[in-house]
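Read from first to last, the chains carry the letters A, B, C and D; within each, the first residue is number 1.
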Amino acid sequence: MSLKTETMVLNMGPQHPSTHGVLRLELEIEGELVLSVKPHLGYLHRCFEKHSEAMQYNQVVPYTDRLDYLASIGNNLGYAIAAEKLLGIQVPERVEYIRVIMAELQRIASHMVALGSNGADIGALTPFLYLFRDREHILSIIEETCGARMLYNYIWIGGLSHDIHPDFVRKTKEFVNYFKPTIVELDNLLSYNKIFIERTANIGVLPVDTAINFGASGPTLRGSGIKFDLRRDDPYSIYDRFDFDIPVGKGLQGTVGDCWDRYYVRVREMEQSLRIIEQAIDHIPEGDVKAAIPKRIKPPKGTAYARVENPRGDLGYFIISDGNTNPFRVKVRAPSFVNLEILGELCKGHLVADIIAILGSIDIVLGEVDR
Amino acid sequence: MGLLDKEFSEGNIVITNVDDLLNWARLSSIWQLGFGLACCAIEMMATSMSHYDFDRFGVIPRNTPRQADAIIISGTVTLKMAIRIKRLYEQMPDPKYIISMGSCANCGGPYWEHGYHVLKGIDRVIPVDVYVPGCPPRPEALLEGLLKLQDKIRNESLRKKSA
Amino acid sequence: MMNAEEIYNLLKEKFGEAVIGLEKENPTEPIITASPLQIHKISEFLRDNDQLKFDSLMCLSGVDDANGEKIKEEDGSEIIKGGTLSVYYHLHSVSLKHKITLKVSAPREEPKVESVENVWKCADWHEREAFDLVGIVFLNHPDLRRILMPYDWDEFSEEISRHPLRKDYKNPEFYQGMKIPY
Amino acid sequence: MYQFIYDLTGNMIISTLVVAVFPLVNVLLVALIGVYLERKVSAWMQDRVGPNRTGPYGLFQTVADFVKMMQKEDAVSNEVDKKLYNIAPVLVFAGSFAAYAAIPFSSKLIGSEAEVGIFYVIAISSLVVAGILMAGWSSNNKYSLLGAMRSAAQIVSYEIPTALVVLSMVMLTGTLSLSKMSEMQTAYFWNWNIFGGAAFALNKFLLIPFMLVGFIIVFISTLAEVNRTPFDIPEAESELVAGYFTEYCGMKWAMFMLSEYGNMFAVSAIVSILFFGGYQSPIGYLGNTIGATWLIPYEQAFWFVAKGWFFILVQMWLRWTLPRLRVDQLMAVCWKYLIPYAFLNLIIIGIISLL
């Protein structure tokens, strides 16, 4: 006689402490074992694409801020590059340098939240607070220049909204020196913590070919051991001038492509970003921060697709212009949206507690998933 | 007329002091529902972190609505989410308070015109005690909002409301 | 690494009629147009061919072309009859590092496009999104549901307010008792 | 203590009540100070200030929390199993409260000098499991159910290594009575069990390493029994929202909280009685030096409470430093490591004590 068992459906979210916002997961579980995961999206669908059709080209920039709200500069940059591609304009050298420095600062800030919340999901709350404390340094540096803490509206089509603050260079250098030892502290406190390794190594292993087929990008893809970074493979702005490494997952604590690898890639990426900042910060040329473009931007008819390496992965903007002052259609290829799709694949056969670890290691931002 | 009959219709020393005590307890331990919606959630998190430290005012996040006293509506409320927020609000035990944080929760914010899926203000669904403007509000602004909520609680009374 | 023209010629040779043309006048990127009901086998070829190896779909966008006849309603709103809805595929090869854009157009009244979900897994959600927001129906898609809008959106709205990214979209007044307009 | 008050008042009921109220006051105080300390300690560890608006240094924060919780609406869902739902918090609290009956705070301040003190404490604290299971089941909430299941598995498993270590200590001391055990480790700290006990012989030095092992095992497993990080999986905030008390609000929830902090102190007390001399002072008594013997019980109470709080602080320190384990790893730690080592330790201590 066999005992009849039933599976249970557990609804995780939209209000759940570790779904990173308002994601809803429908878990089918048998005891603690997860049989299938079904994400439900759209709880933060803010109609970005509709807005961008109703606004003029330069008015769309503030809305891009609100997509991936942890990495606003990166979003601005992607949109600006796509629009500039459509317009066929070149921005001044000074602008390019400032953009790169800002984007890298933002990348560090974004990774801090990602790493911290990954740790916090697993139960280590203190590193989360330390990282947020250090994030404040970056926020105050950027705030001094563009006046906002989170949603900057800083990179405009053909330039920047303001020139950098006179203190910017000094403070950035100070931050770089301050933050280097902090990464070591993070490593000691969290990365090499035995329990943290136990919880993340060999969990949610993502093989390379699956990752590519699912369109994964950013640290999620690189954690699987493939050296693919748009800053190197499809250089935009002036990234080809800098010398930096692309950290990849090597399976140091378990299998290549597990949660720990994805986590670790982010830690090492922060170091590389510091390297880029160090190389760029002393060479910002003098000059204007706005290219000569008309006030009313009216690009020719056509399409443009531009992509940049955002902290979460490959952020693409597809703009169709019909020759008017408003974009005809803007489609965002949001890295979190695509990366989240793998969740169902990764979670099969893991325990409920692992889902949290995997979700944290994919690092999604719901603003971008739902747009 | 007995002592007790009187107490609840007009103020006297006993009831005022009890009021003070209860209000003091309520306002010094406002536990927020640990629940973030959008961009403002990050600022809300930053407020509870080392730099601003919400815990100074006795605010700690509780993840279940049953143990929370206040919801901070931190971000854009979509139609899909509004239904859930209403349910969360209904699950909370009285007395409960709502802080609407950021323009989106106040009135739809930048999405007021073309946001076909955005609720234009959380006050269309649940009653709001304090509105904090900003997009997103700085942590200082949220702290100010909390102080305003504390002021509001300070003036509450067990007595029958006059209106 | 191949450029768009070479890829176009290769496809034309293989598929003939199914590949319609190459739009080169576009300022930034040439676009290969194809037939919506043949896109699946073209995609499979693009992925598996050794010269092409397009192993990754960067982006899939549904677009309302709004090239039909615009009819004014009595209340001043506009509806569009006829014309096409299009899907753009941005492909990229991780190993060979080349890119290409495909485009298929389907008639607005019956927007049916073959699904490429089993060629590139990431097309799954992108297609659901295009279905949800633009209303393009992907044939052979295993799970074609709404993704961003509420599942019961249809119950609360008229025909014209089903798919918000269509150019003639009209927002409904109420959803589950909540007023939507400002 | 009972005898003392009985002598004073001559009334059985009053003295029983006083004796019973004393641990209750203690539990409340522990929870009151414990919650405050938890918030302050975590704040200091995390570069924050912690509560500081409610009274001087935020000292009245917990008082405010309790008063607030008392006036919260008792929201009960229609779907819950009302009887079990209401009994559960009481049962959990009773379990942790009853353990205090046998805990000697000093040589005079002790509820019951039962000969089977340690046995009683272990038995009665298992009552908590029943309460937790009831809470999880009756809440009709999947998170509660999962939390309760985890908790039951965890507490039941971790009682085995605890009991094994306790057994070895009982073997060594030859008594089950907590007060006798404390009494044996008298005078100075080198007489504590962790340093091999009071008898000065070869055994004492042989025992020290195994005592250390025993202490570590019992500390880890008691940590798990009171559901503290890294073993806080039953209420794992980031996974199960709030575990088995997800559906509880107001005072009912406060009772769970009380019992958690009560348990924390209780297990700390047990650990200190087993290994760290219980209420005995490490450096001799002031009362003996100045010839005021009446002072000694008060000194003992001070040392006992101090030791208890020391271990609570260690628990908090661990909580705010470490991530939490997964449920299967937790079981693996218990069954694959702690229990075999505890057995081995038991055997070795047995052999040594025969020498």
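As a convention for this text, a residue touches a chain if its C-beta (ideal position, glycine included) is under 8 Å from a C-beta of that chain, and two chains touch if they have at least 3 such contacts.
Predicted model, so just to flag it, every value in this text is computed and none were measured.
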Message = Farthest chain from subunit C, going by mean C-alpha coordinates, please.
response = D
Remark   = With centres defined as CA means, the chain nearest the overall centre is A
Query = When the C-alpha atoms of subunit A and subunit D are each averaged to a single point, how far apart are the two points in Å?
reply = 45
Request  = Between subunit A and subunit C, tell me the centre distance in angstrom, where each centre is the average of that chain's C-alpha atoms.
outcome  = 26
Ask   = Between subunit C and subunit D, what's the gap in Å when you average each chain's C-alpha atoms?
value = 63
Message = Suppose each chain is reduced to the average of its Cα coordinates; what separation in Å results between subunit A and subunit B?
response = 31
Ask   = Listing for subunit A: what residues touch at least two other chains?
value = 16-17, 42, 45, 47, 50, 129-130, 133, 370
Remark   = So subunit C residues touching two or more other chains come to 148-150, 164, 169
Task = Please set out, as single numbers or ranges, the residues of subunit B touching at least two other chains.
result = 49-50, 63, 80, 113, 116-117
Remark   = Touching pairs here come out as A-B, A-C, A-D, B-C, B-D
Key: For the subunit C and subunit A complex, residues of the former touching the latter   = 25-29, 31, 55-59, 61, 63-64, 88, 90, 94, 97, 101, 120-122, 124-126, 133, 146-150, 164-165, 169
Ask   = Given the complex with subunit C, which residues does subunit A contribute to the contact?
value = 41-42, 45, 47, 49-50, 53, 85-86, 88, 210, 212-216, 226, 228, 233-234, 300, 302-305, 307, 314, 316, 318, 320, 329, 331, 333, 337-338, 341, 370-371
Task = Please give the residue numbers of subunit B that touch subunit C in the complex, ascending.
result = 79-80, 82-83, 107-108, 112-113, 116-117, 119-120, 124-125
Complex interface listing, subunit B residues touching subunit A = 33-39, 41-43, 45-46, 49-51, 61, 63, 65, 75-76, 78, 80-81, 84, 88, 110-111, 113-118, 135-136, 138
Query = Given the complex with subunit D, which residues does subunit A contribute to the contact?
reply = 8, 10-11, 16-18, 32, 119-126, 129-130, 133, 189-190, 193, 195-196, 198-199, 351-354, 356
